[in-house]
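We just call them A, B, C, D and E in the order they show up, numbering each chain from 1.
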Amino acid sequence: MSDTVLSVRNVETFYGAIMALRGVSIDVNRGEIVTILGANGAGKTTLMKTICGLMDPEKGTISFLGKEISRQEPDKIVRQGISLIPEGREVFPYLTIEENLKLGAYTRKDDASDDLEMVYSYFPILKERRKQASGFLSGGQQQMLAIGRGLMAKPELMLLDEPSLGLSPLLTQEIFGIIRRLNAEQKVTMLIVEQNAHIALATAHKGYVLEMGRIVMAGDADDLANSADIQEFYLGKTEENERGQKRWKRRKTWR
Amino acid sequence: MRIAFKTSYDTDIDFHEHWNNRFWIIALVVVMALLPFIVSEYYLAEVANTLIFSLAGMGLMLLVGHTGQVSLGHAAFLAIGAYTDAALMNAGWPFLIAFPVAGLAAGLFGALIAIPAVRLSGIYLAIATLAVFVIVEEIIILAEPITGGVGGLFAPTIEIFGLSFDRYANLSNFYWLCLVIVVLVTLGYSNLMRSSTGRSFLAVRDSEVSARALGIDVTRTRALAFGLSCAVTGLAGALMGHFIGFFNYELFSIFISINLLLVVTIGGLGFIQGAFLGAILITAMPQIIAILRDGLNATAGIDLGSIPGLDTIIFSLILITFIIYEPAGLYGRWLKMRVWWEIFPLARRDMFRRQKSYLKTERQK
Amino acid sequence: MELLQLLFGGIANGCIYGLVALGFVLIYKASEGVNFAQGDMMMLGAFIALGLGNSDQLGLPFGLAVILAMVLMGGVGWGIERVVVRQIFGQPQFALVILTIALGFVLRFVAGSIWGYTPLVLETPFTGKNLQLGGIVLGVADLVTILVTAVLTIGLWAFFAFTRVGLAAQAASQNQMAAYIVGVPVMRVNGLIWGLSGAVATVAGVMYASKGAIDPNIGLLGIKAFAAAVIGGMGSLPGALLGGLLIGVVEPIAGRYAPGEFAAMAPYIIMLVVLVTKPSGLFSQMQAKKV
Amino acid sequence: MSLLKAEDIAVHFGGVKAVDGVSFEVDEGEVFAIIGPNGAGKSTIFNLISRIYTMTRGKITFDGTDITRLPSHKVAPLGIARTFQNIELFDHSTVLQNLLMGRHTHRSTNFVEDILFLPKVRREEREHRKRVEEVIEFLELEAYRGKMIAGLPYGVRKVVEIGRALAMGPKLILLDEPASGLSVEESQEVAFWIEDMRRDMGLTVLMVEHDMKLVSAVADRVLAVNNGRPLALGTPAEVQSDPHVQAAYLGTPEEDAA
Amino acid sequence: DTPGVSDDEIKIGGAHDLSGIFAPFSVPAVQAAQMYFDEVNANGGVHGRKISYIVEDHGYQVPKAVQAGNKLINRDGVFAMLLNLGTPHNIALFQLMGPKGVPNVNPLTAARQMVDPPAPWKFAGTASYYDAVKETAKHMVENEGTKKFCNMILPTDFGKEIEGAVIDASADLGMEVGPTISHKPDETDFTGALGKVKSAGCDTVGMALGIGQIINAVATARKLGMDTKFVLSSAGFHTVVAKGLAAQGVTDGVFAGAGWQDIEVRIADTPELAEWVQKWNAATGDALPGTGALLGHSGAELLVAALEAAGPDLTRENFIAAMEGLNYADPIMGNTVSMSADDHVAAKEIFVSKIENGSWQLIATIE
């Protein structure tokens, strides 16, 4: 089944006078993992925030499960089954780890204790520290907590904004393992923004490339992984950048 | 849109990139200087009052807007300035010496307070300064021989080189005196903000850890800011004393502290210009409301004056509306308007619509 | 014996500061904002109770009048959040301070327009009633104050510690964006808390009114109560109570034993001492930022 | 010769032994990396060096000075600059101002001179500005010079923070995860910068990083830590092939997963 | 031509506290004055001129009071000031008014400085706090058996006047005085202060506190079993004090010295008073007008009387002369207005009253 879970149409979002999204359209189908690649400042975070209502688009529509959701309060959108793992962790520093996780299940009516155990099994350190304030966790531990909190919501659609930020290589692999597993076993649809394009493209079914607030490329993850531009700018596969050699400034030129 | 071609670092170091900005500032000062020949006593006294509030506002702005420390007790430093100045002049000191010494006294007292208080921040500092304020108030009452106790005292007349600068007898002279002082302080303040001391204030405001990591002594910096802030406020206090002419401790009430906070926030936190705009709003708005009210009564026969306290409510409602629509303050609004003009035909209508924003805890330093 | 008497009076009085302080803490816990109109909400609460209960006004039975007043003030608090506070959501806390200072003027004006500026006396069943207990006199009003404060503090504490909404409110104060993305209806929770603080303010107002007369300016007490909340470690409910009690107890004892003007300074000196030794209050709510 | 020397340093927070007996030496002109799982204590080591935390035991010497008990603002003047894992910039100032703030240790004027803006102050301002422009050029921040930090994308902020540290003109620079949140291309650039810092500016670099590509590309030596204790020390290749490090930290190399 | 006077209008100014801590005085005073002027204006005004009373709010802040004065005097050009509230505020304004000779009629403060040092344009409505309390204190010693006074005051000039009066009265009578305890306006617990009073052996307390505080403090004293007597000034001479104390079960031992008589007990046999109370009630809903209203009304009445007497050619000089020639009985205040060139206090009687069963009863009148 390939019905559309999320459909973003011609969205334009501004920060005051600055136009961060210049008419973005993407589709995410049920059961898919979709990744968005893009350099710094391309607007990836802005897109994620716009989808879940943390920012209001000035133009365009966003529909989730066929219902228009743009310009609603974020908590309403979340309640309909979207969960965001935000860039930069955003934990509740004075609450304990367990309270943080429990808040992840705030919108759920059913019992979430199984999922709590599941999160603890993914990240044993969180269990060890569950009665401590989360503000003192290391950067990576907070990232685990943020991911765990997102998982607790058991959403229909998960938005992950740079989930691997600050995680060790081992954990990065584990996280993507979890993502694949959730997708395969529980059919959670995923939209992932990731700087680590290797692993993102390896995990995703489909990908978009966002540059300067515009989608400049879209396609199957495999096709993208094989495209020359992607290889050069996102996978770092150009060999002339050897150590000691004079480097050339070759910046992306899609405008 | 104007473009400045920068040919040396001095272009950035100087106050203004453009000659015409400089022109406007000079023009403003000239007009201000000529004001006594243009307007009546009523307006002149109001402008003098506004200048004094701007001065006090600059004092608080340095602390709240530029160093991120909040004081609910700045009325105390106004008082220290006013009483020191009056006491010294009563002891025979000339104004030209008593006045700076009054500022210095307020500044030193402020720095003294700051040393134990620098560990405090946010509302904790606000309450500590409130406590200091109450204690200063009591000390003023107790120090009757100097302060006149609760009865208060008359400010001595200012005389400089045989010329009288008395507020009631020679308002124009007094006004010019205020103007000169305000101009000088503004210059000094702007200089401070374009040099490393000013930058260290901003650093301490935005991130203490980073400031430390850059070698900034946070404790010293905050104490210095507190001291400077109090000194400027003290100068304003001395002028206020002369302006009002008679005062007791009730002049320096908590409401004055609150008014000063209104000045800096409504004006625009973090901008020297904000202190002026805020002072203008706070001192002129009630007068404008009153004048409009009188006008309404005279022309349309609608007598709002018969509802006691309505002026204050209208003023409060304006404040509320204002803070809702422009939390960045008057100067923030001005900056936006300027941008809008500069790119005029290209400006979007809702260019300045606020994007949603979210706060995070400020309990972490 | 005299000391005991002073202590008792001080505790009862401190409870009133504590009650108002609770209102400050409530709002702080939910949004880290400071509501400078808290004292004025207390004032309005007292007037509404008076308007409903006094025999020359609506004349409802006291208990009913108080409960209705709490409900009404809950509505006022909720409405204030809904109509004005919400508009500056996400803006620096300073905006709220200015906003609530101005709101305080509005509330005073409203009370003044309805009930006039002449002080009025609230009729309560316990006004002027006293109990003798081994040489010390216990005012029934004082006893009620202490009891009500204890119950409210514990109740509110439990609300934050054990309920889902209480947790959500705290989350919202620490990180509004994160609270939203876990699905907390931040605005609604805020409205609820403002309503709650209106109700708590009413209780404080009624207890305050039982000791004298009220006029639209009694909200001035809010400043001292705010100080109490802060030295308690703004954000901690027991801290607020403790801060209130500290000030409440110091006042009469200093009034009795300290010389002259020093007595009036005493609570503020204590505040300074507390803050200098514990820069973030008795029940500290500050953390060093983890970098 | 060693510029920075940590001897058996440890810090405990209640029951958490964040760092528990780590010793290492960073030689002058070296690029030294610290790696380890999340929560291993890497950032804490940085915080001990910059005296944000006070150590439970141990000793740190920098350039012959014992800095174990130094107040935190006295560390920078010795020539130690740092960046933060979670970016600690002055959000309400421009990029230029942020970089100028990095020049604080080089000021020689006092506040009275600043208020009067004596010619001396102007001269010094020009000098600061010149230095900062060099940094701006080096990190290619020209386009952002007058922008407020608050509106910059994550990656640019990371670079500005590096710039602020460089503006100080330090001997030793501590970089906490300089490449996290950066794209492959951008982290390659960071690699070049680190290279240049060492070669052209004569800086010693101590960094924490999870991007093993970057570490292998620039580091001379690598210290792996786990649970606050040292795990392995050696060249990047040596440490990466250490089975303990692989088990606790690296897992199966990324390329395989791709 | 005279400032503020035109063919059909006389502008009168008032710097008031309509939003601050003394709003309980200013607001009713302004309402009462306005009510009186409305009546006068409806009846054709004074010599064909309508009175317009321009009121500015200073919120008990001195700088705002100065702004208000500046507007009223320099912009509006008022003829005279009426009922300006607050001691420091009045004194600050004197500096604007003095050089121009703007008459200051019945300021809402009974500080001695209102007529001392004297000036042609300064007038006061009633006996000062000082005189009233001093005479009352003497009365207490002579008739109520007071042996020793203490003071409980707000540290304002008002408080100091009361303290000074009590101390001077004691000195005149050769008595020792107990300590003065000062209180903040937001203080709500008086147990400690009363303990001090008790241990100092005072049987009477001179009290200068806010209304709520007075009720609270007196009730606390009774609760603690003290039979201390209390002497209040005109600022505490308020019907609500009697009512509030009655609610707290306190029915005796409270005295006040003021320049007028309490209205409650006189309504029945003073028709003018009854009429006015009824009007007030209709206009505001208050059962009884308070002190502010009383002062506001009498001030307005006095001003109008003087304007009438000054004749159609109104100048400040002939207004001042008219003021100095006033002599009439004010049934509402229950006192007599009479001034002369060297006496600018309108009503000089001092009425000593006592709370009995929830009402103020007049017990002595001192000239």
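By our rule, a contact is a pair of C-beta atoms (placed from the backbone, for glycine too) under 8 Å apart; a residue touches a chain by one contact, two chains touch by 3 or more.
Just so it is clear, the structure is predicted and the values come from calculations on it, not from any experiment.
Among the remaining chains, those touching subunit B as well as subunit C are A, D, E. Each step here moves to a touching chain, and the least such steps from subunit C to subunit D number 1.
The interface with the greater number of C-beta contacts, when A-B is set against A-D, is A-D. Distance from the centre of subunit D peaks at E, each centre being the average of the chain's Cα atoms. Between subunit A and subunit C the centroid-to-centroid distance comes to 43 Å (mean Cα coordinates, whole Å).
Centre-to-centre spacing of subunit B and subunit E amounts to 36 Å, using the average Cα coordinate of each chain.
Subunit D and subunit E have Cα centroids separated by 72 Å.
Shared interface positions of subunit D, defined as residues touching 2 or more other chains, are 43, 52, 84-86, 88. Counting partners per residue, subunit C has 105, 108-109, 112, 174-175, 177, 180, 223, 260-261, 264, 285, 287-289, 291 as the residues that reach two or more other chains. Residues of subunit A found to touch two or more other chains are 15, 54, 93-94, 135-138. By the contact rule set out at the top, the touching chain pairs are A-B, A-C, A-D, B-C, B-D, B-E, C-D, C-E.
For subunit D in complex with subunit B, the residues that touch the partner chain are 50, 52, 71-77, 81-82, 84, 88-93, 96-97, 100-105, 107, 109-111, 114-117, 121-122, 124-126, 128-130, 133, 164, 168. Subunit B contributes residues 9-10, 12-13, 188-189, 191-192, 194-200, 202-203, 205-207, 209-218, 224, 228, 270 to its touches with subunit D in the complex. Note for the complex: subunit D touches subunit C at residues 43, 47, 52, 84-86, 88.
Put simply, subunit C touches subunit A in their complex at residues 164, 167-168, 170-171, 174-175, 177-187, 285, 287, 289-290. Residues 14-17, 54-56, 58, 93-94, 135 of subunit A are the ones touching subunit B in the complex.
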